[in-house]
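All remarks here apply to the structure that follows.
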Amino acid sequence: MAVLLDENARVIVQGITGREGSFHTRLMLEYGTKIVAGVTPGKGGMTVHGVPVYDTMAEAVAEHPEANTSIIFVPARFAPDAVYEAVDAGIKLVVVITEHIPVHETLKFVNYARQKGTTIIGPNCPGIISPGKAKVGIMPGHVFKPGNIGIVSRSGTLTYEIGYALSKKGYGQSTVIGIGGDPVIGLSFTEALRLFQEDPETEAVVLVGEIGGDMEERAAEMIKRGEFTKPVVAFIAGRTAPPGKRMGHAGAIIMMGTGTYEGKVKALTEAGVKVAKTPFEIPSLVEEVLKK
Amino acid sequence: MAVLLDENARVIVQGITGREGSFHTRLMLEYGTKIVAGVTPGKGGMTVHGVPVYDTMAEAVAEHPEANTSIIFVPARFAPDAVYEAVDAGIKLVVVITEHIPVHETLKFVNYARQKGTTIIGPNCPGIISPGKAKVGIMPGHVFKPGNIGIVSRSGTLTYEIGYALSKKGYGQSTVIGIGGDPVIGLSFTEALRLFQEDPETEAVVLVGEIGGDMEERAAEMIKRGEFTKPVVAFIAGRTAPPGKRMGHAGAIIMMGTGTYEGKVKALTEAGVKVAKTPFEIPSLVEEVLKK
Amino acid sequence: MKLFEYEAKEILRRYGVEVPKSVLVRKGEDPIEKMKQAGLEPPVVVKAQVLVAGRGKAGGVKMARTWEDVKKIVDELFEKPIKGIKPKLLLIEEAIPHETELYVGIVIDRSERKPVVLASRYGGMDIEEIAREKPESIVRVHVDPFLGMKGYQARLIGKKIGLQGKVLSRFASFLTALYEVFDKYDAELAESNPLAVVGDKVIPLDARLIVDDNALYRHPELAGERLEESGEYTEWEIKARKLGLAFVELDGDIGIIGNGAGLTMTTMDLVYEYGGKPANFLDIGGGASAELVKTAVSFLIEFPKTKKIFMNIFGGITRCDEVAKGIVKALEELGQLPKPLVVRLAGTNEEEGREILRKAGIEAFVDPIEAVKRLMEI
Amino acid sequence: MKLFEYEAKEILRRYGVEVPKSVLVRKGEDPIEKMKQAGLEPPVVVKAQVLVAGRGKAGGVKMARTWEDVKKIVDELFEKPIKGIKPKLLLIEEAIPHETELYVGIVIDRSERKPVVLASRYGGMDIEEIAREKPESIVRVHVDPFLGMKGYQARLIGKKIGLQGKVLSRFASFLTALYEVFDKYDAELAESNPLAVVGDKVIPLDARLIVDDNALYRHPELAGERLEESGEYTEWEIKARKLGLAFVELDGDIGIIGNGAGLTMTTMDLVYEYGGKPANFLDIGGGASAELVKTAVSFLIEFPKTKKIFMNIFGGITRCDEVAKGIVKALEELGQLPKPLVVRLAGTNEEEGREILRKAGIEAFVDPIEAVKRLMEI
């Protein structure tokens, strides 16, 4: 098993004919992901790396009713429309890679998708991978190995680094979810934890947070309430970042006194989570919590 | 019994301090309707005919948690806001008397109310009366008598005329619903029929339609499908109205060839409904259908 | 309120739609001069700016192939009444060669309580005609009024009417703009017919926009009422509107007054049933004052089409005594009733009302059937 | 993007909000003359138009009670740097006597994924201060992003902060207008603090509006970037933005380059952990080209705060060989490295990358801990 994504994923790539879309379609196919269709308005009838392209999601889904997942590489101005199109076409998991989507747009489509029962990952995220099963994202597949550790992360590169370090130490991953660096995103830490809780394959979870927002605090509360019972190891990036400055990600900013490193670490520690000082400590902390 | 409204109705009057609101509050109280509160922003603390006035629905409902119905006399520009306020305050039946509400506003609040499980009657309607039990509307109470005939009507005065004629002949009414003359309204004929179907007290229904729209045709289809099984007598106003002209009501207009008198009568007749040529025939047709 | 074609196109232009190059000409202005200033040359299409339906068939749209043509056609159109209305403005537009004409319109679906887009690849004829002749060609798609029209929905509609590639994208942009206009302008109808396919582009050759009268307060930029110019209203309907009366002119000779739209229509139907022909619809509404009744009665007496008048009142909120007083006032002012009047009064305070009328020498019925029979005998 | 106070107020005015009467004065203009033209008289408040927080406390807002005062204060404020920024514009506003100052702001609640209104009857201080001193006074109400703010919600918020009668209605109108601005302008923050209660009215004495940078393309009327004036960015941050680098200046002396925001922050944290102080945050992002790497390295070498540079790259999409090539290019251009550079390279193509660097005489670590230890030794 795994969460959200496994070998049954049948994927549509929205924006498949663009530079990024086409490049990562190739990489996802190489990884073994079952990509059944692509969509680019006005490019219907083409193929990209052997994948048939349609003008609309409705047509793609009509031709490939087994499709259940989509990944969006559409430019920011058109990406919200692509999300609604995917949701209305009945896709149950939509991964939004696109960055720079206006936050008011994200607010709306995230609420809409929730009403319709579709899970959104992102925007501005690296995507999701269940090693050995499928990859729907832009992460380097080779750094992750199949195993029993779940990773959920607000940071891309840091996830690769941590996945790589875990894999080298023999701790493979069940599913790795890069939830994205924007202030408003679809899947949150708590929602991801809820999924990992139900996944028998996942034995422990690594949670990679950042300064800004209160998603880490909410995860801590959930753990404290006993709604997540597996061991958790966390790392929070941005300990030394000054308040009021955006550290790359739009979401990574300490504002109005909330979202500080200290607050997050305190909340997690009080919930019994092991918080690593550097990401390189994570494999040994994972070893530790799994021994208990 | 009755539909939508009975002696358990506890009513809030929105726009109670206005001329119409205050006048009809008196008439409704005289009829015996239990009005528990009124709302007019900025007039909180007053009383109108002994009814306490609040600034907001939230306060009114907090003080009178038994409230389950509201009637809106607020001017058109502010009426949509009053509807949202009532729906969000948990009111389950909202009667919108106000006319001249922009149709794009009505579209939105009718959809919103439906999502939230609130029934809207109107806008631009005379309201609803369950004779002898409660009146939430502006109809003259004395023309209606308790009994077993349901009336659902797009027309105000015509309803009074028909109710009066029925009452005089000894056919009292279970509930009389004036659904309103606007192109887009909350409760429709089919929805009203569904309610009358479930009401053991109602033995037959008088349906008063008008030219314009396809609500009568939809009611006919429903009856044809066997989803409404009680006898129905109908009258459609506007047999001699020319196409393209609005006959008073914004909704009463034959446009693009749809909504004609002939089409409606044909549909109803084919569904087995007795269609009266004049409203004055209705009591004898009711007599006829009840005898069967 | 119906907008003129040139207004609808100007609004579309502001929402990013490419519309044909054009100039607007008033009577007395030199069309040649104005065209030259705007860089327009024949061939052009000259279009009477009137709001009546079927303008094209009534001769309100002409192609001018030469400068001489332009002059001649402009003069001609200013003098030509289209269904009774002489245009005050002409729109001179570049003639755009094209092969395909599409239909696209947005209206409100009453039953679904949602806006609905209607589109067909067979434009150029009315939607009613398309519905008769090519019903299978009409694509209907509902729009969530909170979400608005999404680009993907517009593309899907384009696909369904057979568009592809760049034209499909252009059509989708057009349709999303049209929806935005529909939404922002509280429209009852936003339509382009024909919408021409010109190479990769789509260009609205005609555009219609009807704004909800109830929402006009939100659009102060749309100059107030345009009763005279609109062609929607007859001379007497305009007079009535100015008096605040809900009045519709019809073809017959029996004046009708009722209270409530349903009852008034029913009264028309009743007259028709008994062999009469209504001259009008006049609804005095609920709770009418004696003053309003007086205005309505006097108006119908003046209205030249009426030979006799039938007044059918059911007192609910309206009080019959108040109605009777209004009738008596009208009589007093006129000295005597120049046209026969039959009144049916029932409901609230009916006895008092009939008593007032009896004293003034007017017979008032309780039963509307008796009343209409009497009416037809006079 | 932060808007200036005068811009935010002008937008509010267009949405129907009554704002204080004012004139805007540029350096060299005669404030007395401009005030007289606008019918403004002392007492007035003169406010430096800078975007730094805490402007008032930093002396950027002064009351002028006489015409002489005005002259003096205007001259003074133009010369006075507020947290390092000299204002280019001053806003001279009528002084409005008032008793009550409210706080009202709208931001996005990330967890609820909804806009949230924050209001308090204790305005005049920062929301952080209110949250510390009068936390129970803060009213929080979420808004459905599809429905927008309803009038009744605004009234409810007004009631909860203790308003009544006409002031309550005026507050509700203000708040619905503020929400409309928040929505239409894609705002991250729309705030008025203080919002003064003046008799029956509410008047925003200050107004702040921060527009989402990602949505600026929808607001071309907001003149492009205002990096220099904003006070949000240092000189070197502005230079970096112009080069397309995601760079934040910090207080230390160790230059930091990473790929990915999370890893770059982590690199800062690591340096700090081992006793160093980062001079900056510089994220080259995912899949950086050799060219971008060269630009980033050259920039940090020029950046005067850096004494040494730590580069921490984990190759995922980014290829280590490409990064190495970029470093070598920078070296070649500069002739030699004027500042010590420690590189950690791991992930995709790490061997190739390290080989390239070795040939260029740069040591590259695999283990970041080893790398940072080495860095601190230099």
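We just call them A, B, C and D in the order they show up, numbering each chain from 1.
Assume contacts are C-beta pairs under 8 Å (C-beta built on N, C-alpha and C of every residue); 3 or more make two chains touch, one makes a residue touch a chain.
What you are looking at is a predicted structure, and each value in this text was computed from that prediction instead of being measured.
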>> Going by the touch criterion at the top, tell me which pair is linked by more C-beta contacts: A-D or A-C.
In response: A-D
> What is the distance in Å between the mean C-alpha positions of subunit A and subunit D?
Replying inline: 28
> Distance-wise, how many Å sit between the C-alpha centres of subunit A and subunit B, to the nearest whole number?
Replying inline: 51
>> Averaging over Cα atoms per chain, report the distance between subunit A and subunit C in Å.
In response: 55
>> Touching at least two other chains at once: which residues of subunit A meet that condition?
In response: 112
>> Give the residues of subunit C touching no fewer than two other chains, as numbers and ranges.
In response: 146-147
> Does the chain-touch network form a line, ring, star, complete graph or other?
Replying inline: other
>> Dump the list of chain pairs that touch, please.
In response: A-C, A-D, B-C, B-D, C-D
> If you look only at subunit B, which of its residues touch subunit D in the complex?
Replying inline: 41-42, 44, 55-59, 78, 81-82, 84-85, 88, 112
> Touching subunit B in the complex: which residues of subunit D?
Replying inline: 147, 150-152, 155-156, 159, 164-166, 168-169, 172
>> Taking the touch rule as given, give the residues of subunit C at its contact with subunit B in the complex, in rising order.
In response: 53, 108, 110-111, 113-115, 127-128, 131, 144-146, 183, 186, 188, 212-215, 217-218, 246, 248, 250-251, 258-266, 268-273, 278, 281, 283, 286, 314-318, 346-348, 367-369
> Which subunit B residues qualify as touching subunit C in the complex?
Replying inline: 76-77, 100-105, 107-108, 110-112, 138-140, 142-143, 153-161, 164, 181, 183-184, 188, 208, 210-211, 213-215, 218, 235, 237-242, 244-252, 256-257, 277-280
>> Per the contact definition, I'd like the list of subunit C residues that touch subunit D in the complex.
In response: 146-147
